[in-house]
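Going in written order, the chains are labelled A, B, C and D, and every chain counts its residues from 1.
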Amino acid sequence: MIRKETEKKISKDQAKAAALISAIICITASALAFTGHINGWLGAGIVVVAFPVFVLSLFTALRESTKDGDYPFVGY
Amino acid sequence: MMILLYIIFAVIVGLLFHGIHRKVIARIQTRPGPPIWQEFLHVMKFSFKQTWIPKTASKVLFVAIVPAVIAIWAGALYVLFTGGSLLVIFGVYLLHKITEHGLGLSSGSPYGKLGAIRSVLSAASEIPLIASIAGIYFVTGSLMISDIVAYQADHGILLITALPIALAMYVIILSKVPYSPFGIIEAKEIVSGNKTEHFGAFRAGLEVGFALKTFVLLAVFVTLFIGAMPFWMLLIASLILLLTMSFICALTPMLSPYDAVTIQIGVIIIVIIYMAFIAFAGGMP
Amino acid sequence: MYEAMTASVTASMPVSESAYGFTQTDIEGQALFSLPFGDIVNFLTPYTAVLFVFALTFTIIALISKPERQVDTVMGGDAYYTKDISRETLRFQRFMAIACGLATMGGIMAGDVFNFTLFTAFIGITNIGIVAAVKNKHILDNAFEYGLLAMIGTLPLFVGAALVLATTGTLSMWILFTPEVAVPLFAKLLLVIGVIAEGMAPVFVAKAEITRAPGAPYILMVHVSSLLIFLRVIEIVISM
Amino acid sequence: MQLIIRKVSRILQNHNNLTAVYALVVIIVAAIGLISIAAGEITFEKDQLYPKTINPDSPLNPYDRGGSPFVPADIKAQYPGNFPAIGYITGYLSPFATALIKISPYFGTTIVAHPGGILDEILYATRGLDTIVETSILFVAFTTAMFLFRRDEE
């Protein structure tokens, strides 16, 4: 596919912030559910929604570079 | 229960299972095969790569489908460990089908489209699924996983007493394992099928979701048909189940799309005959 | 007298959940929530709540997502071109997809067998609407077969609901789900095959071909609605 | 074995056979139904929720519901608790209408002005949501027909 040059990109900092926030939400919700402050299913619901956000934003934050010309795995 | 820890643990184990699966297949085919942590490397590799959305894609759908995959299986994991309703887990199995369609359709790529079309075709596998759920309800009188586990403690394990239902469930899970003979949606002639255009962080996210899926499906089978057991036993039993599937995957060619559907319909007929038989024989032996 | 009547209307409106038959079943656990529309009392259990959230999510995606542009390669060359959907078709498909999503949510929440069959027929009609907007002979051929099937399917569907009423005397799932009421197997089978025809083809052949149509978020609603309504009818049939 | 599978899948993959395959399924189910009627498993329940008396002499048969104007009708309901004034035109109000009644003394003037308002009048027959869904089905079907018709004109 052709890359759209004018695409707005999520910066690494934004991705890092999103990963951090969703991680905190996940940990808080599961801890609260574990200690019985909120219902188990409510905690699970929050984790189920926040965990995918955490995974995706973490992986987006991990990416090597936002610039072109860096293909670390081309060739073997 | 620390739901988050369970999810992370399940992701790690699921990725490891995928790696073991590949290794076993390779050894059966007398290839050296990748190391068993290969799938971790895959996830890392994909997350280090550049990520963007294809210009032709339906953007919201393209992105939203990836968290949907992870979310539904994380929810299924929670339901499994709290002994909730079996119907929810297999609802999730069918919702996974929708995400498969969405993955393929969203990009506009012809390969993805072909994968999605095959995914719609292979939705016939939900018919043996429903037959086996109805069969389990027929035998145990409940669909709550905790009740089914309690039933097995009293009446012996279902793997022996209700073998055809277990067989149907086995085919269902087999059709979702990588390299399966029923895995028509990711056959090599259509590149990676519906995953073709999801690269970079999206693909890494998908791998995480699929790892969860493998873990949940194997654990569901073990819990349903063998019963309650300590956690480490559950892991070992899942691994053994996976190894039997690895043998099948290594030794069978991929079926042509419609033949896969026909075989799955054949399985449902076996289950229906079995259920009619026990209905006429007056309950369980 | 009229004042007394309106006063009684306003006073006794909130009906407590215990007014209805079941609160806990062996199949899907505790009923979470009920919404009375007269005799039709809609409800959500954990199971249907999951389905409802999923249907809602995909309806919202259909609402805000733009369709993809399907890529066609030209055989024998390097060229490829993308298909665009015209504005009118897009608006119509989006309208139908959202109607389909609403019908799905209604079907998931339905607490009454006849109401459920109505929503299922609604889904069948919207599905045909989504596909009918596409200009492609192959897809329209399949949509035609699919439409025929949906029309045939309404017969077993409504006969099933009628049989449930005739053999049990009621249509409310709150009563049908209690163990005292026995629904004949025939009525259940009719409901299931009716939904199979409305929502999805027996072996998916027409539906798989329909998937070739452009407009991913809307085509996806066809699958979302049919699979969710199938999940719902399975729950109804097992519970009855 | 393999040949049988091939043969079956060749039939299943042709979309022109779709209605035939489905008709076969319907026939099988109908056969099960006939057997279960013969076996006496399907019996008519005498205690119907919505009883109906048919007067064959009435010119309105079978739609003759009986009753006389300006008198509360004799209506049966599954959940009489939902119908504080059953038999009257305002026998049942939708949840939205109930909420409006509580905040406004002028609800009567808006009774046809919001979706559900006019249907509240129909709802004395206890199954109003069905009416809404039925009209929506018709509406959607007409929309499809209209769209296709107008596209042909282009």
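Things worth noting here:
Note that a residue touches a chain if its C-beta (ideal position, glycine included) is under 8 Å from a C-beta of that chain, and two chains touch if they have at least 3 such contacts.
As the structure is a computational prediction, the values presented were derived from the model and not from experiment.
A count of contacting C-beta pairs for B-D and for B-C identifies B-C as the more extensively joined pair. The centroid of the Cα atoms in chain B and the matching centroid in chain D are 38 Å apart.
Put simply, the C-alpha centre of chain A and that of chain D have 46 angstrom between them. Chain A and chain B have centres, each the mean of its CA atoms, that are 24 Å apart. Annotation for chain D: residues 12-13 touch two or more other chains. For chain B, residues touching at least two other chains, in rising order: 55-57, 68, 75, 107, 109, 261, 265. For chain A, residues touching at least two other chains, in rising order: 1, 41. Looking at which chains touch one another, you get A-B, B-C, B-D, C-D.
Taken in their complex, chain A has these residues touching chain B: 1-4, 7, 9, 26-27, 29-31, 33-34, 40-41, 43-45, 47-49, 51-53, 55-56, 58-60, 62-66, 70, 72-73.
Across the complex, chain B meets chain A through its residues 1-5, 7, 43-57, 66-71, 74-75, 78, 82, 107, 109, 197, 200-202, 204-205, 208-209.
Put simply, chain C touches chain D in their complex at residues 5-6, 8-13, 15, 19-20, 35-41, 88, 92, 95-96, 99, 103, 106, 112, 114-115, 118-119, 121-122, 125-126, 128-129, 132-133, 141-142, 145-146, 148-149, 152-153, 155-156, 163, 165-172, 175, 184-187, 189-190, 193, 196-197, 201-203, 205-206, 209.
By the touch criterion given at the top, residues 256, 258-259, 261-263, 265-266 of chain B touch chain D in their complex.
Across the complex, chain C is touched by residues 55-62, 64, 68, 72, 75, 84-85, 87-88, 91-92, 94-95, 97-98, 101-102, 105-110, 113, 116-118, 120-121, 123-124, 126, 130, 133-134, 137, 141-144, 147, 261, 265 of chain B.
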